[in-house]
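Each of the next two complexes has subunit A plus one other chain: subunit B in the first, subunit C in the second.
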Partner chain A sequence: MTNATATAPRFALGPRFGLHLGIAITALVIGMAVLSRFWTPQVPTRLQIANKLKPPLTSGLAGTDALGRDIFSMIMAGAWNSLSIAFLSVLLGLVVGVGFGALAAARRGWIEEVIMRFADVVFAFPALISAIMIAALIGPGGGTAVLAIGLFNIPVFIRVSRGAALRIWALDFCLAAQAAGKGRFRITVDHVLPNIAGAVAVQATIQIGLAILVEAGLSFLGLSLAPPAPSWGRMLSDAQTYLAQAPWMAIAPGVTIAIAVLGLNLVGDGLRDVLDPRSRARS
Partner chain B sequence: MLRIAFSRLGSFVLTLFIVSLLIFATMDLLPGNAAAILLGTAARPDTIAALEQQLGLDQPAYIRYLTWIAGAFTGDLGSSASYGVPVAGLIAERLQVTLPLALIALVIAVAIGVGLGVMAAARPRQAPDRAASVFAQVGIAVPDFWFGILLILLFSVTLHWFSAGGFPGWSDPVAAVKALLLPAIALALPQAAVLTRVTRSAVLDVADEDFIRTAKAKGLTERRVLWRHAVRNALVPIVTIIGLQFSFLIAGAVLVENVFNLPGIGRLAYQSLAQRDLVVIRSVAMFFAGLVILVNFAVDLAYLWLDPRLRAAR
Partner chain C sequence: MTLNVRIDAINLSRWRLPAKTLVEDVAFTIPDGGTLGIVGESGSGKSLTSLAIMGLLPRGMKAHGGIVLDGTDLLKLGERQMQQVRGARIGMIFQEPMTALNPAMRIGDQIAEGILAHKGMSRAAARAEALRLLERVRIPEAARRIDAYPHELSGGQRQRVGIAIALAPGPRLLIADEPTTALDVTVQAEVLELLGELIAELGMSLLLISHDLGVVASIAERTLVMRGGRPVESGETEQVLRRPSQPYTQRLIGALPRAQKFAPPATGVRPGGSTPLLEVRNLERAYHSASGHALNAVDGVSFSIEPGTIHGIVGESGCGKSTLARIVMGLDRPTGGQVLFEGEDIFAKSRAELLRLRRGFQMVFQDPQGSLDPRQSVSRIVTEPLFLDPAAPRGKAREELVGETLASVGLSPPDAARYPHEFSGGQRQRIAIARAIIGRPKLVVADEPVSALDLSVQAQVLALIRDLRDRYGLAFLFISHSLAVVETISDRVGVMYRGNFVETGTAAEVFRNPRHAYTRKLIDAEPGIDQPRRYGVARTVVEETKARLA
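Here is the complex of A and B:
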């Protein structure tokens, strides 16, 4: 199976093609989100009923929706909302998760046991289900979305950081630091955290992509930011009502979500290859 | 082997217990209570008190918890306030849609994912492999519910091959399966994409092992080496991912059921939220969480069966 590779024609696009493409896409999406804070072709929330359901290019780049809002402007503004919720929720999961993960690796024993059991428990809640539970208590909104997606990210980062930290703890320089009398907390801060930062960053990139998908799902169900804040997921939910008359309403937001997630995943995979050359040999 | 299985069973039960406590605590003890939330802010205190009594909310918390858990075993989970029917019956009825939906999706995902993954691993870096990896990258990035909307746009709105949603019931099995087919395909896409990647790298991982060389050396056909030896040994990571992905399958089911207007448990969860029906939400949340825990427990047991080396370990 492997000896075939030597002679087979390869469809090579350069070793870092995926990473570079991912960075370009991600920069474009972030740029669009930031730009939307200062400028959009139209005011994304302005209703122009007379101009409703116009196909792409007849009014604006991506047409208008059932209330005459400019779809391209809504997608730009939606990028900001989607990215900030995704970023904040992953940040929440990362801070809590890496904290517990590093603690589990540093202390071992029953503390590790409790933390890993806690990770199992939190992992049992799909983000959508916790979002429904949280929304039942405090109502839907951006906070609900950040909390639900953040919770779901905690066990992911606990597992990644604990696994990576345990490998660092087993290395000679950690043993040397212990022998020199350094405390477990200092070793974690000085040696373990800097060395697991790469693995955590790779995971965070991929989790932000995943968080964008989950946020889109939440706002599709109306569990995320309240209208009129533009959101990719709600645009898709509006689009479903007009699927026969205005199919373009369903195309642009979905394509944007997929491209944004694809970009982040390519960056995550590319970074992993750069940081861990062994994984590249296989992919 | 049996000892390991029992210790897994112990942690399975413990996790279930903690999860049930957590759900009960968030749904029953945190600010507001089911009766007041249900009746809204304008309700008179005596109306709230009457409903509290009807829902059993005047009992101490531990009694309410025990009643709920005992009910999970006897099939009495209380009554839905908005539907006015027993919650257990409601869940059982909706399960007839969600369970087949998830199973069909899983079968499609495994067929496509393992098929493409093995095809990719058989000829690494050649055209089929590149095509499979593009499929995987795109499939992971496309939201399943949006893919469902696209399927409706193509097959219902444009081609009129399928209805755009709804469920005719199981009295006509052919119509029922037909109604579940598009949603199952939508649900299967991201799972198939993930499985393609995992299968490919798992098969490539074992491709260098000695027993594969031995199998080739004794003259087995490449196809036979691939499926009987490489894939069989790549099953552990594949099964792991099916377990880990199960939580996404459930989240996807909630969305896809709403896109296709299917009366499943996911749609029930969403509708109960709109009705502020906490009695239903807590049991549905417990059902979903329990299912995720159960699947991961089953995956743990499957390891022991698939990989004899693990039976001796620990």
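Here is the complex of A and C:
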């Protein structure tokens, strides 16, 4: 076996390569979002009709759109809008959803039944419908988008966390904790939440990706941030019309969303491993 | 049929990691009509050996050497050709009949599946054959049950169906990997008997893999003992198990519960006139199904435990022993009767008082995998019961207490900073015991604490429990399905059947001189190494069958 040890594979990736890559990508995207508050190559909202539909590198890094706006500047500025709405809404859904999900798993019985049926009802409304309702109440804007997307995230997290928590509750260490005199709340905090954190983190990264896309739909309908404030989602939907003439209009925000979601997913997967002591000692 | 196995190595190669040899230099021959048992503890490579024969090694593993079945080297066959061998020439019986059967498919169809694949019969003929096989494995009312789904059958019946599926394509060799491990002891006896009978009748060969020396002894002609991927000893079963030549085999046999020598049973000391430590009076726990049908899981149980003694409860699955343990721990409420801890009824107490009483008793569970939170360090796990105790030491003093407790269960103080996955099954069970005893309880309820452990580890944990009883005067309520374990460890014993005790007394009384028919049935059903080949095949029968066929 010694010779096998000697010939270490040539393309070996370091441990946690995925996590590091994910952190790098996410940091880049967030950095871009923050930077856009102070500086963008062009003013993202400035119209230059004469300069419209220019391919990438002929005008700016990523070309211009149908109104002659600089796409790269719009992506930078849109990063801030898209990410803040996506993060906030997922955070809202996560906190409320995991709270109810853990409660359902801890209490069982009628409380669980009520929570799960509530989740079903919320789940039955598409995010768009609830956004329209909320917009009717408080008017369109970023807050409406966060609330609507957050609402649509709640049942997702309720289900994920309840399912995972029920599996943990079935294990003997929860019984041992009960035998040690701990109450259901205490057991949830000590044993259940740390053990479902991995599943929830992975779900959260997926939901952020989804939230970016849902936000696109909302802003397309004018229920999110009002134009001309740029967002990745609206750039995508605007690009639809020009797909044949100016594919870069769709490719630039599409690739950006893909990269941002990839980065977040890598971070989620990596976090799950780091949070798990079983993988810690192996390296 | 002759199977000639010569495995030089089974290697595991993983991406970016050095290759690892899991099994080395295993060689044996199973002649036509022969039976071979492979025994070993976990990690001995016994299951990998059987998977290698079937060509079903997990991805990344490769067997080197030769596995010759009637002149064909199975290792040289392609996947397509191997499919013609599996089922048709080598049948396999699995450990867990619940997961080995497809829950969404009728049992008759599952048996017919193999017949249709290998024998080219019509559907009607295959169904008739399936019915014949069901009758042969003694499924009651086979004609009606042929369209049943697996969940409608009991565990023993499922394993019989598993046997019928393995037999259906008419293999000449059966591989049975722990075929009775998931079954109760009386059911195990029935299944082993059936297996022995079928093998004799059909003149098949059998490769039986088990961790249980008694099971192997009761059916196999020859035995191979494996350890850590290498063969230790092989030969006639009687010779290997009764007159082992290798120290490892001797140790293994010495670790059999009954072979251990312990001090005479403790009778328990309590000041005259005071109450017993734990007294259970007419305990009942009824469950109501959705249809309103009531089932008494625990049905009028009474017993008491004296301080510093071990009270064993033995019974088969579903007899109510785990429900009893949960009620005694106050984790479930009885529907009738009382549990008195030092004379105080724990269910008449307020929650706060119950929590105070709880400090006096703790619990150890069966599965050392699931009973420790994988995300907590050993130190946090072990100190969990101190949560209840406002006077528990903090900081440095607590660390010392943890170290001390770990030392008293045979671990070392630095282990406190490590995590459960870094320990073996036996060590995990020691951690669970440390958690139970850190608050110096008076009673520990242990529900199947050694059932998931290997024989030698089991012996060590049993010795530890005895030692804790003697050193700290701890009392144990020790629940197990294993007669041998309960007999070895207990001072007093209750035999539980359908929610109540059928027999109680000192361990020696109950097991040497059982009065109740159920106790006798349990004792008879238990496979021991002193009853070689009780279900096994006499060579003469095989010869006769062959002569008849010829």
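Of note:
Operating definition for what follows: the second predicted complex is superposed on the first by the 191 of 283 C-alpha atoms of A that agree within 3 Å, B and C clash if a C-alpha of one lies under 4 Å from a C-alpha of the other, contacts with A are read in each partner's own complex, and residues count from 1 in each chain.
One rule holds in what follows: contacts are C-beta pairs under 8 Å (C-beta built on N, C-alpha and C of every residue); 3 or more make two chains touch, one makes a residue touch a chain.
Keep in mind it's a predicted model, so treat the numbers as computed, not measured.
In the superposition on chain A, contact of A:N265 is made with subunit B only, not with subunit C. In the superposition on chain A, A:F173 makes contact with subunit C only, not with subunit B. Once the two complexes are overlaid on the shared chain, A:L236 sits against subunit B while remaining clear of subunit C.
In the superposition on chain A, contact of A:I132 is made with subunit B only, not with subunit C.
Once the two complexes are overlaid on the shared chain, A:G209 sits against subunit B while remaining clear of subunit C. Contacts of A:A50 after superposition on the shared chain: neither subunit B nor subunit C is touched. Residue overlap on subunit A between the subunit B contacts of one complex and the subunit C contacts of the other covers 1, 4-5, 8-9, 12. The part of subunit A that touches subunit C in the complex is made up of residues 1, 4-5, 8-9, 12, 171-173, 175-182, 186, 190-191, 194-195, 275-278, 280-281.
For subunit A in complex with subunit B, the touching residues are 1-2, 4-5, 8-12, 117, 120-121, 123-129, 132-133, 135-137, 209, 213-214, 216-217, 220-221, 223, 236, 239-240, 243-244, 247, 250, 253-254, 257-259, 261-262, 265-266, 282-283. Partner subunit A is touched in their complex by these residues of subunit B: 11, 14-15, 18-19, 22-23, 26-27, 30-32, 37, 121-127, 130, 137-138, 140-143, 145-146, 149-150, 152-153, 157, 164, 201, 204-205, 207-208, 212, 222, 226, 230, 247-248, 250-251, 254-255, 258-259, 269-270, 273, 276, 278, 281, 284-285, 288-290, 292-293, 296.
By the touch rule above, subunit C contacts subunit A in their complex via residues 15-16, 18-21, 329, 331, 355, 358-359, 362-363, 365-367, 370-377, 381, 384-385, 387-388, 418-419, 421-422, 432, 435.
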